[in-house]
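Heads up, the next two complexes both have subunit A, just with different partners, subunit B and then subunit C.
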Partner chain A sequence: MEIFIAQLVSGIALGSIYVLLVTGFNLMLLVAKIIQFAYPQIVVISMYTCWGVLQLTDNKFLVILAGIAVSIILNILSEPIFRKITTTQGVDINASFVASMGMAMVIMDIMSHSINYGFPVAFPSEWVGGNLLSFGLITVSKGQLYALIGSIIAVLIFFYLLYRTNQGRFFRAIAENRFAACLVGIPIIKTSVFSYFIVGVLGGITAILFSMLIGSVSPWLGEFVALKMLAVSIVAGLGNLKGGLVCGLILGILETMAMGYISGSWSNVIAFVVMLVVVLIKPQGLFGSKI
Partner chain B sequence: MKKKNNILKIEHLSVAYGPIKAVKKVNLEVNQGECVALIGANGAGKTSLLKSILGIQKAEKGNIFFLGNDIGRKTTDKIVSLGLCLIPEGHIIFSSMTVLENLQLGAYHNPSDFDENIKRVFNYFPILQERSGQIAGTLSGGEQQMLSMGRALMSKPKLILVDEPSLGLAPKIVTDIFDIILELNREGYSILLAEQNAKKALECSHRCYVMKTGEIAVAGFSRELMDDPKIRQAYLGGS
Partner chain C sequence: MSEILYYFLGFTAIYILMGWALYLPYRVGQLHFLIVACMAITAYFGGFAAREWNWPFVLILFAGIFMGAVIAFVFSMAIGKAPCFTVVIVGLTSVFIIKTIIENWRLLGGTVGFFHIPTVNNLLPIIYILLFVVGFLIYKIDHSRWGRAASVVFVDSEVAVTLGVDIKKLGMFFQIMACAIAGMAGILDAFLVNSLSPEFFTFSMIGYLMCILFVGGYTTMWGIILSAFILQGIPLLFPSEIASWRQVIYGALLVIIILIRPEGLITRKMLWGLKPKVSYNK
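Let's turn to the complex of A and B:
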C-alpha cells in the first residue's frame, strides 16, 4: 500500500506535466491546424534557459521570466514556417508533422552539440527543493508539489480563457469550423499567431515545473516526452482537450506504477503497450477525435 | 444600369480552380436596397462567385467594388468588417457551441451594438431566443438555417449574400425562409440571392442574373424574366 501511494503521488505529478504538454499540443492542432512535434523540444530549450539563468542569478522571478520568454519567442518564430505549409485552403497535417519533426531534430542536435557537451545538466538544489514530508516510503518533494499545483493553476486559467472569454471563443470557433470562422470575419492568421503565443506561455510554465520536478535536463528529454505527448493525444482523441487531461494523468500514473511494481526500465514499454491496445480497440481515441 | 448608388459592382470577374474555370468574366451589380437573384443549375458557378466576393476563393481576374472600395485583394475578415456577409449553403454553424455563442461570434466586428442587434435577430427568429442556451448541433435543419441567418445579421451587414437557403429543407420551411428574406429586403437590406429554385428566387427579387457554365447568360428585371417564354421553358419547368 505504501508503494502504491508513493507511486501514485509521483505519478500524478509526472502526469500533470504530460497534461500541460498535451494541452499546448492540442491547442496548436485545433487552432493553428498543425502537428507541433517540436513543442517539447522548445520546452527543453526553455529548461536549459532556466538552468543557464540560474548560473548567473539567484533571482527566481528572473529565471521564470526568461524561461517563459524563450518559449514564447521560439513558438512565434516557428509560426511563419508552418504558415507556409498551411496556406492552401485545407490543412496539411502531414506536412506540418514532417516539418516539426525536422525542427525537433535540429533543436536536439544543436543542444547536444553546444550545451555542456551534450551531458545532462542538474538544477541547483534550491531550485528543485528537498522533501516536504515523508512517511516511510511515501515522500512528497517540493518539486512534485510545485508541478502539481502549478499545472492545476495553469490548466484552470487556460480552460477559463478558452471557455469563458471572447478570445477563447474565437479559438474554439476556428477549431470547430474554419470556414464559418472565416465567414463571421475572425482574422484567421492573427488569431492563430495568438494561439502560438498562448502555447508559448504554456510551454514556458511547463519547462519551469518540469525542471523543478525532475531536477535535470538532457538534450534527449524532448524526444522521449514528444513521443508520449503524441501518444497521449492520439489515445485521448486528437485535439480533445478534456480527454488529454484524463489521459495525461493516466499515463503518468501508469508509468510510475510500472516503475514501482515491475521495473523502471520496462515502464515505457508497459505504457506504450497499454496505449497500443487502446488504439486497437478505439482508433478514434477514448474521448473521440476533434479534427 | 448607370445608377451611381450601386453597393456592389463586379467587373470581368473570373475564378478558376486550377485549369477549371468556374466563373468567366462576370459583370454584376447590386444597387442600394435591391434584392438581386442569381439563378442557375447546380455547378453554374454561383457559389464560386459568392465565395470570391467574400475573398474566400481568390479571383483570377477582375475587380470587385463594395461601397466604392476595391475589395478584390482584401482578406475575408477585412471584407466582413466593411459590412458584407455571406449566409452559406447547407447551414454552416458552430454546432458544439450554444445558439447564443453562435450569435456572439457573428458580432465579431460589431460588438458595441450587441444588445440592439440580438433583439432584432430574436425579433426575426423568435425560436432562437427560446433555444438560446441549447447546443446548436441539436437544432433542426430549418432552425440551423435560421441560426446561420441570424448570425450573419449580428454583424449589421450592408449587403447580404445568401447561398441556396432552400437547400435540403422542407417546403414549408423554405417558404418561411423566403418570407424572411423578403422582409429583410423590405427593411432596407440589400440582398444578393443565389438559388437553384428559380421560381422562388424570381418571385422575391427585383432583378435577376441567370448563370450558365460560369457565364451570365441572361440578365434583367425578374418580372420580365418570369414572363419570358424562353426562361420559363429553361428554368421554370415550362409551365
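Let's turn to the complex of A and C:
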C-alpha cells in the first residue's frame, strides 16, 4: 500500500507536467492549426537556459524569467515558418508536422553538440529542494509539490483566459471555424501570434517545473517527452483540451505505477503499450478529436 | 572495391528501400513509421537465425519479408483507414516499444548489441538486384489502378470514396507492402554490417527517412533515389567537423524544402515535362 501511495503521489506530479505540455500543444493545434513536434525540445532548451542562468547567478527570479523568455522567443521565432507553410499550402497539418520534426532534429543535435558534450546536466539541490514529507516509503519532495501546485495554477489561469476573456473567445472562435472567425472581424494572424506567446509562457513554466521535478536535463529528454505528448494528445483526441488534462494525469500515474512494480525500463513500455492499444481500438481518441 | 564505397553503396540501397517503404503508405497520406519497427524486428531475427540456427540467407530473407508483411497486416486491420497522426503514433510507439524490448533482452545482446552475424558472399550485387526488383514492383503499382486510386485518396478521400475506392483495403495494401520492404531492408542491413545495435533504430533514423522522402519528393519514387545518394554522401563529402552535425543539416533541409519546394526535388510535373510530346504538325 505504501508503494502504491508513493507512486500515486509521483504519478500525479509527473502527470501534471504532461498536462501542461499537452495543453500548450493542443492550443497551437487548435488556433494556429499546426502540429508543433518541436515544442518539447523548446521546453528542454528552456530547462538548459535555467541551468545555465543558475550556474551564473543564484537568483531564482532571474532563472524563472530567463526560462520563460527563451521559450517565448523560440516559439515566436517559429511562427513565420509555420505561417509561410499555412499561407502557401493552406492549412496542412502534415506539412507543419514535417517542418516541426525538422526543427526538433536541429534543436536536439545542437544541444547534444554544444552543451556538456551531450551528457545530462544536474540542477543544484537548492533548486530541486529536499523532501517535505517522509512517511515510510511515501515521500513528497519540494519539486513534486511545486510541479503539482504550479501546474494547477497555470492550467487554471489558462482556462480562465480561454473561457473568461475576449482573447480566449477569439481562440475558441478560430478553433471552431477559422473562416467564420475572420468574417466576424477576429484578427487571425494577431491571435495566432498571441497563441504562440501563450504557448511560450506555458512552455517556460513547464521547463521550470520539470527541472524541479526531475533535477536534470539531457538533449534526448525532448524526444522522449515529445512521443508521450503526442501519444497523450492522440489518446485524448487531437485538440481536446479537457481530454488532454485527464489523459496527461492518467499517463503520469500509469508510468510511475509501472516504475514502482516493474523493474528496468519496462515501465515505459507498459505505458506505451496501453496507449497503443487505446489508439488501435479508438483512433479518434477517448474524448473525441476537435480538428 | 574500397570499404568506404562498399558501405556507401550498401547503405544507400538499404535507405532507398526504406524510403520507398515510407513513400508507399504516404501515397494515401499516412506516415507509417511502423516500417522502422519492422526493420528492427527482422534485422534481429535475421541475425539471430543466421548465427544461432544457421539458417541459409535466402530462407532468412523470405522469412523477414513474410514477418514484416504479417506485422503490418495485424496493425493495418486497425489503422488501415486511420487518420495520419494515429498511424504516426502507432509507428512511433511501436519503434520505442521494440527498442526497449531489444535493450532489455539479453538473448539479443541488450544495449551492448548483437554481433558476429555471418557474412554473405556477393551481398552488394544481391542488394542491388533486390533493389531493382522492388523498384520495378513499385513502378508497376504506381502506374496501376492502385496508384491512381492512391493519388485520389491523397488529394481528397471523400471523392475517392464516391469513386468507389475502398480506402481501408488500399491503406492496408500499401502498409503491408511497405512493411514487407522494410522487413527485407532489415535483413539486408543485418548482413551488411554483421552486427546490430538498438541505438540504430531511433528517432534519428525516422527523421533521416523523412528527410529522404520529403527532400527527394513524395509524389514519385525517383526522388528518393536521388536524395538517398545525396544525404548518404554528406558524411563523406564534408569534413568530419561538419559531417558530425549532419542531423542539423538533415533537419534544416527538411524545413527548407517544406518552405520552398514542398513537393520535393523531383516532382510528378517535372517527370511529365520529360516525356516526349506528341506533335500534330504535319
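The rule we apply is simple: the second predicted complex is superposed on the first by the 287 of 291 C-alpha atoms of A that agree within 3 Å, B and C clash if a C-alpha of one lies under 4 Å from a C-alpha of the other, contacts with A are read in each partner's own complex, and residues count from 1 in each chain.
To be clear about the criterion, a contact is a pair of C-beta atoms (placed from the backbone, for glycine too) under 8 Å apart; a residue touches a chain by one contact, two chains touch by 3 or more.
What you are looking at is a predicted structure, and each value in this text was computed from that prediction instead of being measured.
Novice: Considering only touches as defined above, state whether A:81 meets subunit B (first), subunit C (second), both or neither.
Specialist: In the superposed model, A:81 contacts subunit C only, not subunit B.
Novice: Once the shared chain is lined up, is A:130 touching subunit B (first), subunit C (second), both, or neither of them?
Specialist: After superposing on A, A:130 lies clear of both subunit B and subunit C.
Novice: If you stack the two complexes on chain A, which partner ends up touching A:184: first (subunit B), second (subunit C), both, or neither?
Specialist: After superposition on chain A, A:184 lies in contact with subunit B alone.
Novice: If you tally the residues of subunit A touched by each partner, is the higher count for subunit B or for subunit C?
Specialist: Touched residues of subunit A are more numerous for C.
Novice: For A:173, select first, second, both or neither according to whether it touches subunit B, subunit C, the two together, or no partner.
Specialist: first
Novice: Tell me which partner A:288 touches in the superposition: subunit B (first), subunit C (second), both or neither.
Specialist: neither
Novice: Go through the superposed model and pick first if A:120 touches only subunit B, second if only subunit C, both, or neither.
Specialist: Neither partner.
Novice: Of all residues in subunit B, which touch subunit A in the complex?
Specialist: Answer in residue numbers: 54, 56, 75-77, 79-81, 85-86, 88, 92-97, 101, 104-106, 108-109, 111, 151-152, 155.
Novice: Residue numbers of subunit A touching subunit C in their complex, please.
Specialist: The touching residues are 35, 81, 84-85, 88-89, 93-95, 97-99, 101-106, 108-110, 113, 223, 227, 230-231, 234, 238, 264-266, 268-269, 272-273, 275-276, 279-281, 283-284, 289.
Novice: Quick check on the complex: what are the subunit C residues that touch subunit A?
Specialist: Within the complex, subunit C contacts subunit A at residues 29, 31, 75, 78-79, 82-86, 88-90, 92-94, 96-97, 100-101, 103-104, 202-204, 207, 210-211, 214, 244-245, 247-248, 250-255, 258-259, 262.
Novice: Can you list the subunit A residues touching subunit B in their complex?
Specialist: 166, 169-170, 172-173, 176-177, 179-188, 190
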